[in-house]
Amino acid sequence: MKSLLRLRRKKEAYSLGAPPGIEHIIELSAPPKPQSIQYELIEFGEGTHAISTLEDLSKFLAEPESINAPFRWLNIVGLHPHVVAELQEVYKIHPLIAEDIVSPNQRSKVEEYDDCVFCQIKMLRLQNEQVFTEQVSILLLGNTMITFQEYAGDVWDNVRKRIQTKSSRFQSRGTIYLFYALIDAIVDHLFPVIDAYQLLIEQLENDLSQNPDQAHQKKIHQLRKEIVILIRLLWSTRDIINQLLRIDTTHIPKSIRPYFKDVYDHCIQVIDTLELSKEEVNNLHDLYTSSVSNRMNEVMKVLTLLTSLFVPATFLAGIYGMNFQHMPELGWKYSYIIFWGMCIAMITGMLLFFRRKRWF
Amino acid sequence: MKSLLRLRRKKEAYSLGAPPGIEHIIELSAPPKPQSIQYELIEFGEGTHAISTLEDLSKFLAEPESINAPFRWLNIVGLHPHVVAELQEVYKIHPLIAEDIVSPNQRSKVEEYDDCVFCQIKMLRLQNEQVFTEQVSILLLGNTMITFQEYAGDVWDNVRKRIQTKSSRFQSRGTIYLFYALIDAIVDHLFPVIDAYQLLIEQLENDLSQNPDQAHQKKIHQLRKEIVILIRLLWSTRDIINQLLRIDTTHIPKSIRPYFKDVYDHCIQVIDTLELSKEEVNNLHDLYTSSVSNRMNEVMKVLTLLTSLFVPATFLAGIYGMNFQHMPELGWKYSYIIFWGMCIAMITGMLLFFRRKRWF
Amino acid sequence: MKSLLRLRRKKEAYSLGAPPGIEHIIELSAPPKPQSIQYELIEFGEGTHAISTLEDLSKFLAEPESINAPFRWLNIVGLHPHVVAELQEVYKIHPLIAEDIVSPNQRSKVEEYDDCVFCQIKMLRLQNEQVFTEQVSILLLGNTMITFQEYAGDVWDNVRKRIQTKSSRFQSRGTIYLFYALIDAIVDHLFPVIDAYQLLIEQLENDLSQNPDQAHQKKIHQLRKEIVILIRLLWSTRDIINQLLRIDTTHIPKSIRPYFKDVYDHCIQVIDTLELSKEEVNNLHDLYTSSVSNRMNEVMKVLTLLTSLFVPATFLAGIYGMNFQHMPELGWKYSYIIFWGMCIAMITGMLLFFRRKRWF
Amino acid sequence: MKSLLRLRRKKEAYSLGAPPGIEHIIELSAPPKPQSIQYELIEFGEGTHAISTLEDLSKFLAEPESINAPFRWLNIVGLHPHVVAELQEVYKIHPLIAEDIVSPNQRSKVEEYDDCVFCQIKMLRLQNEQVFTEQVSILLLGNTMITFQEYAGDVWDNVRKRIQTKSSRFQSRGTIYLFYALIDAIVDHLFPVIDAYQLLIEQLENDLSQNPDQAHQKKIHQLRKEIVILIRLLWSTRDIINQLLRIDTTHIPKSIRPYFKDVYDHCIQVIDTLELSKEEVNNLHDLYTSSVSNRMNEVMKVLTLLTSLFVPATFLAGIYGMNFQHMPELGWKYSYIIFWGMCIAMITGMLLFFRRKRWF
Amino acid sequence: MKSLLRLRRKKEAYSLGAPPGIEHIIELSAPPKPQSIQYELIEFGEGTHAISTLEDLSKFLAEPESINAPFRWLNIVGLHPHVVAELQEVYKIHPLIAEDIVSPNQRSKVEEYDDCVFCQIKMLRLQNEQVFTEQVSILLLGNTMITFQEYAGDVWDNVRKRIQTKSSRFQSRGTIYLFYALIDAIVDHLFPVIDAYQLLIEQLENDLSQNPDQAHQKKIHQLRKEIVILIRLLWSTRDIINQLLRIDTTHIPKSIRPYFKDVYDHCIQVIDTLELSKEEVNNLHDLYTSSVSNRMNEVMKVLTLLTSLFVPATFLAGIYGMNFQHMPELGWKYSYIIFWGMCIAMITGMLLFFRRKRWF
């Protein structure tokens, strides 16, 4: 079976036992090529919004605070230590955050610092019948929000549209509301993913009960593996949303909490459905095992039965093929007819007996 | 097996990453057709009660507070965003509540707001040997209670009767007591549901031990699936009743708590029984597997035994069917009799040996 | 297997969604027949004690407080709503308690009210190799204690004797100590029950290893079911004793707590032993499966081996039974002897080979 | 398999529902025979220590406080209610403690009273390749410590030696330190026990992979049972050490806590190892099942293969054994040679085909 | 399969029930040989650092406080009670710590004392495709840190390099930061270990699906065992890092906590991955079982089918080999042709029937 889940885990080549921070990574890596990194800047506020694509960070970093509009969101596609280092200098980002941003295989986390909230979360996206996973880093620095993705393509197109909608809540509530909206979009896009798995399971269940073969076993194995990975992945997502619910109110005002509670409920719903799917896949395994053994039993029973039917008759034929000189039956006139009669009677009798015992 | 459980989950077509609230849903949906939505209004209080069916909400909304009687309960069948929007405007319902009401696949929840309690709970109803599940939303706004159902038909007929009974506790305690009575009725109607499952399991167990076949395996698979879904569904019901027990006393006075404690105990009892049923179904799977393999073993043993019985005799017959010129036995007078004697002795001996070893 | 456990669950016919309390039950039920209910009254105190059997409650209710002796215990056998209603009126029992008393399938519970403690607990009794379960309601109203049983026969005979013993602790400590003694007796009588199960398991284990058959599988299935039910039943008993340990000291003075702690320890010990039994029964299932398949393998191996032994020899005999005109061996003088030699050599060779491979 | 574990559980014959305390037990039991109970008294303190064997308790009870030395430890082998009653009178032991001491099947426990600490713990001892379990009761009464064992022989010989060592910590810290030392010795002696089980598992694993037979299954069953019992037994030991860590400082001074923490760590380590052993035994079951079925498959495959090889050739031989008058092949000169050629070709072809399919 | 995991557990020969502390161990052990123990001393501070190898501890102990540089780290390879005793005397180490240091099979732990923090942790190292485990003891005594290893070779080479790097955080933050760096390095080196296991599992999965044999079962058994041991080992590592997070701030200042939080996250990530691996290995077992039985079924089906095909034809041939005098078919001209036709028709018919039933 083609795997549904694409984990895209890069092997990291950073040296073990290295110091925290990104200095040692920068030394090892060439400066980024001009086009390899994309910067998208959205500036927004009451009645105003603007989207622009930057060539580099120089202009952005020249104004550490938002000037054109009350709030701004910088989305960076491509994780490069040089870029993070530039931002780290201006925004005094903690070395551990900087290191986490450029390490794509991190565990999801939320961290509160005095002047910022840092959140790493897995983004799942169903595209062309494949589930792509990606680590997204969100850095909330007051009225400026910076997000980091590794690959182009995300689940936030609808958010972008809504920012530009007149009198949307974004324009009044700013980056905090944007923070919620981004995570909400990530959790919302989990639903198509679990629907895809649900569909796969239903197809498999139908296939199985009709004609079980070895390939199904591998599909079940694969599905089970993927669902277990997904569940563990979403456990960490649930944990970070739960942490966001209990975060200090200086970072996330109380009026936003019902929104995060809503996201949390959705996340729990996704996990519940996946746990159900896992149980179903386990049941499928039982169903497969029992279907296979049923079919096998059916075949063996019929074949063995067929052999058994002819064994006594063959023995009888063997007897009258013997060359003893004194075998009176050989000379009788109706021996042959009687022999046939006996064979047919024996076989019919056995068939009736087997049928009565419900053996076939 | 015909499934006992009817989940009636509609695919939702709302766009992913949409803003919270129902504005974007209203835009997409036509206004409701006149007869597609039913409004039932019950006004009650000390010594007074009246049931009426409304055509639309205009009159109801004109009097946001109950006038004819101290308390009133509006039950709306059919989830339509336009209707919810009308109510939202008058009663200042939080956009997240409004969105939850029109989304039928929500996780059960209880939410406290400053001026209202919002509760979503699964209602299960056994009808014509089918268990219908439905999401019910209950909105407690002081002396006004509004409930939303998706489908006509509910478990509250007895509550309606009791409201109209003279000097019932409803008339003195009002909507709070009604709130309890509705949830109590929902939990009470779980008992026939679990009895239905218990009955199915007992039937299956009887069938199984008599004549196990492949269909039983599918029934077990199906039952296990449904019971697991039910348990998870009731976990959320249990959680919200537990939350209601700890809700702020401004919303639910302390004197009502023993009643909710009673409902909670019933809910736990239902879940306990279902967990037992789940274990029983798992045991049925073991029983099925072992019954099938027992039957198969029985068949194969007898058939193989039958073949074995004739193999040596057939070999002997083969020998005296050989055409060697020098086979003294062929000319002896009693050879044929002796041969039959040997065959019968061999077969009888083997039968006795097998019987002694308890092989059949 | 005859089931050890007798659950005696009556189907309740009360209408779903009915109001709490027993008014609606009383309406449906005829007044109790004179002899159908038994009342036993024990009055006791420092140096005094008296046992009497009442005909009805009229005299008892005429004196709501104990007069003849400091303390009194009324034990009622037979749950009838009319009787409970009489008591409810005099002692102002909460409608929920009244309803619970007449509902025999309740979950075990302890409830504290301002002027009474109400406790429902399962009583298990081993009698004639059957375990009878019954719901017992205990109502502690200051110096008066009322207990309700559904069926005649209980585990409290020893308690009755001790009450009448001179200078027993009952006479000085009164109904509180009686409350403890009743629950202690219930938990003490669990030990013979678990011993009975332990014995059954040991017998089954012995039977199994000697001659496993299908009946054992059903016994295992039955035992597993009963033990799981028992464990869940005792979980609720444990929970209520735990609650009693933490109950308000106005109801249960601190000096009684070590006694309840002791009962709690016994209850935990019973549950631990039952959990062990459950694991053992699960292991028995494994043992059964493997014993059955072992026996089956043994049989099939020997039978198949027997067939294999004769197959080559039969082929050889078939060859010399052919009627080709040019078969030089047919005319040789010692062909027949040689043929027998070859057959015996072949069969012996195969036997040796199989034995060396330890195939039989 | 000879069981490693000796549980030595006596059936208790005390009447159910009896009052707490030992009065009712004393009535039923004869006074102890002179030699059936052993008393060992160790008196110790700064620079002084003395061991003596008492004949009865009269002298000991005459001096309720230690006189010869600051501290004293009385070890009583043999549980007799008369002896406990004598002590109870002098030391005012709570009736529940007295009853627990003479009941050998108690659950392990620690109980704090105003003037004493009472502890019951399981002592395991590996002797002659058998693990003996025994309930030990420790009663800490200020500077006097009394311990009760049921059987002679314990794990405290090393402690006795250390008490008599000059300037050992016992002499300065007294009975509290002795209390720790006794429990430490009990936990220390668990290590040889788990090593014995580890050894058994390793032997079994080796045996299994070489030549699996039915006896292994029973050994696995037995081992699993014993390990589960041991784990549950040690859970209670862990719980009581944990309770000792949190006991009131008037009984156990803070400076002793690190020592109990150390014992606790050892106990956890033992349990962890046993849980690992349990998982290993479970894996052994899988390994056994799969080894047995592998061997069986091997045998059946070869035997069935052998039969299949000769079936077509036997059919061919049967054909040329037919007596039709018009069978041209019968008269040909080289028929017989060709026949042999065909048979050999067929069998060889099948063998090659089977080999290529890796069927043997 | 060669085991990946090397546990290197020495059997300890210390007497059971011995007093805490190392006096009794010193008595039993000879003084260390000169070269058997290696001492490495690193002195560091703002702008200064020096590495030296000591011959013995005399010079080090002469200066209990660091003199040459603000901080110093002494790493001792080889656990010898004499060495620990020397340190114990100078630094007043608690006897329980001293005993733990020389006992290599301790459970991982963190302990806070007034003047020191003591930590024992398992160090895993992947070397030459083997995972070596070792107990490391870290003793933080203010500005002096002493570490104890049993074997030469560790995971700290990178830390040593970084200490000597100019203006590294070590030089400013001292031994506290070093403490973090050592544990960070230990956790970082777990990643290659779990990657090695992941690789083994993937190889096994590939092998399995192609050609399952008995050896795979043993590999799965071995892998499962090792992963379970590893998980339990890392649970204790997680626990001690968690304890370090909550340790008193006098020992570990608050500014270091984010670093430990980071290590904790990595540790959880490792455990999560291993738990996933464990589930995968369990699934591999299912896959193996089902692959083996599939192959076996395939073989048996074909062989039995082959036998069945020839059974009726052989019976027919047997009939015409009979010697009855009156068998009209024997004399017919086309009997033989017709016989062949019938045989071929029968076999073809059965083949078509079996194919249509998808039996092969």
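The first chain written gets the first letter, and so on, giving A, B, C, D and E; residue counts start at 1 in each chain.
As a working rule, a contact is a pair of C-beta atoms (placed from the backbone, for glycine too) under 8 Å apart; a residue touches a chain by one contact, two chains touch by 3 or more.
This is a predicted model, so every value here is computed, not measured.
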Note: chains that touch chain B and chain D both are C
Between chain A and chain B the C-alpha superposition rotation, given in steps of 5 degrees, amounts to 70
Distance from chain E to chain A - Cα centre to Cα centre, in angstrom: 27
I'd like the Å distance between the centres of chain C and chain E, where a centre is the mean of that chain's Cα atoms. 44
Which chain B residues sit where two or more other chains touch them? 293, 300, 304, 307, 311, 314, 318, 321-323, 327
Can you list the ring's chains in order, from chain D toward chain E? D, E, A, B, C
Given the complex, residues on chain D that touch chain E span 155-159, 162, 168-169, 181, 184-185, 188-189, 191-192, 209, 258-259, 261-262, 265-266, 268-269, 272, 275-276, 279-280, 283, 286-287, 290-291, 293-294, 297, 300-301, 304-305, 307-308, 311-312, 314-315, 318-319, 321-327, 357-359
With touch defined as at the start, can you tell me which chain C residues reach chain B in the complex? 15-20, 94, 96, 106-107, 109, 111, 211, 214, 217-218, 221, 224-225, 228-229, 232, 285, 288-289, 292-293, 296, 299-300, 303-304, 306-307, 310-311, 313-314, 317-318, 320-323, 327, 329-336, 339
